[in-house]
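Starting off with a structure, shown below.
Which chain is which? They are A, B, C, D and E, in the order written, and residues in each are numbered from 1.
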């Protein structure tokens, strides 16, 4: 990065959330010099939620961002004039989950009937609840939702304000067990992916017109991200060291666990092992779009090509992991 | 800075004393000390046999600048003492109507009939001074402290006020302490006149006014009164020159 | 409410006129009208041949209540006119040092030598009045409006102030308008005296003071002066009774 | 035009002009709806959603007024204590200031943790935001009381409490009412913040939901409703102020 | 004890007593750390994290002061305009009030959308929160100016602007400085709010990180730092106030 900074292309990049374990691919790509090696000078800002990031990229405040692809689909349908497009998937399995505690006697989704569930209004799993409920055979209107900001979410079931919460599995599970000291055996989790919800999770997104104007920048960015991603998978501990350097307030042990949880549950699955990092399976993407459109009750349905392009990814061979 | 040197004097109950002296010699300060509004830094003020440590309770006071509460009408300003007395369970507090009548009578006496509903800011300087005087009188205090209460009045209104004071005194006993620049006023109203001097303020001369009370305005033209006024003029003049 | 009935009068340049009359008859109001501080509701005020529509610029004014800016020392209060004049590019604004000297001289003249650094709240009533007078004089205005400027002063200080006024007038020409309750003061200082009456305020009598100027205090004891004062007393008295 | 009607017409005119400018600017500069929707679109959404908006607005209003009432009570009390006694001022003031420097948005999660989700934290937040301006202004008013005004009562044998009531309170009224106007706005802000963080009703909640739906029109509509309600509350206290403190305003 | 030392010792004593009570209550009522950590634990965390805390505190301070400075400038200007001209007041005031009733926390997302994450939205939020109290107090001060004070200058031929400077400003100083103390706290609150949602540095950011980690000790530590900084800023303006407006305080 200490090469001639002036000749480097500047990129403003927004994360989905704070700098934590699961954000390691981006932080590592920057810290290890992968971005600089591609001639990019990337500024990484934290995000205020994976849905907010979509807005910030859409408005041009940021060149690129790391946000929820499902929110992006919704945004595109509602704002057809300036669509975004995803160029690389980082969370291949969506981390969406409902979490509850054994003490409420909830063993399976049916038991949620009549319960109050807490989540922020924009929470993706909360908004996808209707389709989860359908798949799990629970009437969608048999629960009540309580609005709460993210930091209030995990304490709520512990204190008894609500019986369950929705959220990202790795975040919620770790917050409950690590921070709130709930025994792991007490936690009940319903992962959406286990209920026929085949969505993708967070992706690198960019405005379609910006992509057209800066194809090389996107290509280089993804190449560097691929390098960083692979380094993270190979040595999560080293990745956490980069996280700690970028955010001295981070707790290394917790973030390592969070990262490992994200890797095993969301970043690496059979599809990734088969096709490589950052890419998609078009058939699955089609199913995902169908589900999002149904769940969000969207007026029109975009095509796979409008949602994702793999054209700027490094060759599959470079994205392959063992 | 020391505004007043040791001043020691005694005012007999029921008498009226006057303080005269050059501007800035400490008359207003002295009055505030007597009222207990200022704390003495040395020495003591004794009123009614008791040393003054805080504000006195049974006094009526009119300040050099008439201070009316700007958010109350003239009448409501006059009702102020009633409110305080009544809340403090003072036996002198009668019912509201009696006080209203008394207030209206007083306003009439000082030539302000009909001004009861006006706002203080609508009054002229002399009118405010008269309202302030009424407020000092309305609860019939045993001690009346007046700081140039008639300075902003024309000669005739002023003389009418002198007569008003005289009538009040005749009707009811109270002790009066009067600060004034008008030597005729002092002679007309007081039994004892203290001539003060500056730097620091102190009592330079004491005069007993021998004329019988109650007095008439004609008595002011008597040889005795004229001579006393002339004498006090002389006593004040050299003091000022010494100051300069 | 109408405070003043039609009042029409002309003040010759360089003369001093005095307004006397019962309290509340509208003297202060008249002065503020002349200064342009109040807007006329009917009629017109003409100063120097031009109708007054806003505050006049070249006047010195001392109010009945001495208004000093409480956040400035005495000296800084006196420097106020300089600051305004200088900012407005007035040729009379000299350098700061000259003004300082002038302020100190003036303070000395009114018996307040050494008070320049004091705060207004530390002054007695009469001292404030004198400071306010100095502020009205310091920029040597062509028109001087004084509302009972000497009311809070003892007789001697007051007479010294009269003499000060006389000396100032002798040294420099200016037009003076004086409101006062002191008939001797009016006779000593003014060439014309207007006796006002109330309800609504209007000029009831006009007196030319025939005595030669500049005058001496002794002249106040002359038959002419004594007679004029007696006459004006009578003129004011019945008015008040008519009011009551 | 009378002063009264001018007070209503003038700001509406300016407001209308601003809206027109805005309406024109949106297509002119090709501003995305997500960045800044056109006023006409916002108005349309507001009309369509009038029912829910009214419901949530009422909820916010009630919450605000309860918190505000409590704040005025405590603010007066504190302001009096601080303005009247140097010891109390020296002891309490720095702590109050410290407390006031803590963004209430940061305290809301704690309040929710302690009192659960719903109206209680909203009322408390409103209260916490509103009492400080009242206390400060009352304290300043009492501390800058002209000595002569209270001397008038002191020589009547009035107690400190009586002087406070008869002179301190009326003299401080202009400041007190000025502070009420500020405080009612603050209370309003407080309840909305709290509703945004954790509530199932109120304009704050409405805006949080709108934001999560990419419904910027409704979110802006919420802002307008907040502004209108703020003006209304402010107006009520401005009228009361004029009534109570006419003497302090030279006109 | 001198007044000066009393001003420092008294609040510290009370603060200490409160801390002790708190420390004792936590084990006594078996309060969970997530609900309320003990002060000793908070202190420990603060010492351990002193480096980052100092860094973030400095960032917040700079942001606050820039926003505050701008707010004072505009607040004075607006307050003057509103206090001096009835037309301006009638036209602008309701709009200002409406604007002030909009919780700035709700505006931050918009600011972020327009200016991105970082110091700019924080400065702007600080500014937006701080200018209103300044403007209101200055306007009240000017509107309640005693006519006689300005008459003194009017007869000297002073312009409105001169009267404003020579009488209006000093007469309004006690109110202006009272408002500065409030405004600097508000500015501080504003920058922290903004940092919480949209910044990579500052105490607000620190608290957001702590909250998302459920590091309640650090979050409370952040609150203490905010309180301390608030008192400091307030203290500075209180000292300036005393210097400038001693004449208004009878003692």
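Just so it is clear, a residue touches a chain if its C-beta (ideal position, glycine included) is under 8 Å from a C-beta of that chain, and two chains touch if they have at least 3 such contacts.
In this text, all values refer to a predicted model and were calculated from it rather than measured experimentally.
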Third chains touching both chain E and chain A: D
Chain E against chain D, contact positions shared by both copies (same if over half, else different): same
Among all chain pairs, the one with the most C-beta contacts: D-E
Separation of mean Cα positions, chain E and chain D [Å, integer]: 16
Chain C and chain E, separation of their C-alpha mean positions in angstrom: 49
Whole-Å gap between the CA centroids of chain A and chain B: 86
Set of chain C residues in contact with two or more other chains: 65
Contacts with two or more other chains, residues of chain D listed in rising order: 34-35, 109, 113, 196, 211, 248
Chain A: positions in contact with at least two other chains: 55, 59, 151, 155
Which chain pairs touch, all of them: A-D, A-E, B-C, B-D, C-E, D-E
Complex contacts: residues of chain B adjacent to chain C: 20-24, 26-29, 64-65, 111, 113, 123-127, 130, 148, 151-158, 160, 181-183, 233, 236-237, 240, 243-244
Of chain C, residues touching chain E in the complex: 32, 35-37, 55-61, 63, 65, 67, 69-72, 80-81, 83-85, 87-88, 90, 119, 121, 135, 139, 145
Complex contacts: residues of chain D adjacent to chain E: 3, 6-7, 10-11, 13-15, 34-35, 86-87, 90-95, 97-107, 109, 113-114, 132-133, 136-137, 140, 143-147, 174-175, 178, 181-182, 185, 188-189, 192-193, 196, 204, 207, 211, 222-223, 226-231, 233-235, 248-250
Residue ranges of chain A in contact with chain D within the complex: 51, 55, 58-59, 74-75, 78-79, 81-82, 118, 120-123, 127, 146-149, 151-152, 155-156, 159, 161
Interfacial residue positions of chain E with respect to chain A in the complex: 34, 49, 51-52, 109, 112-118, 197-198, 200, 205-206, 208-215, 218
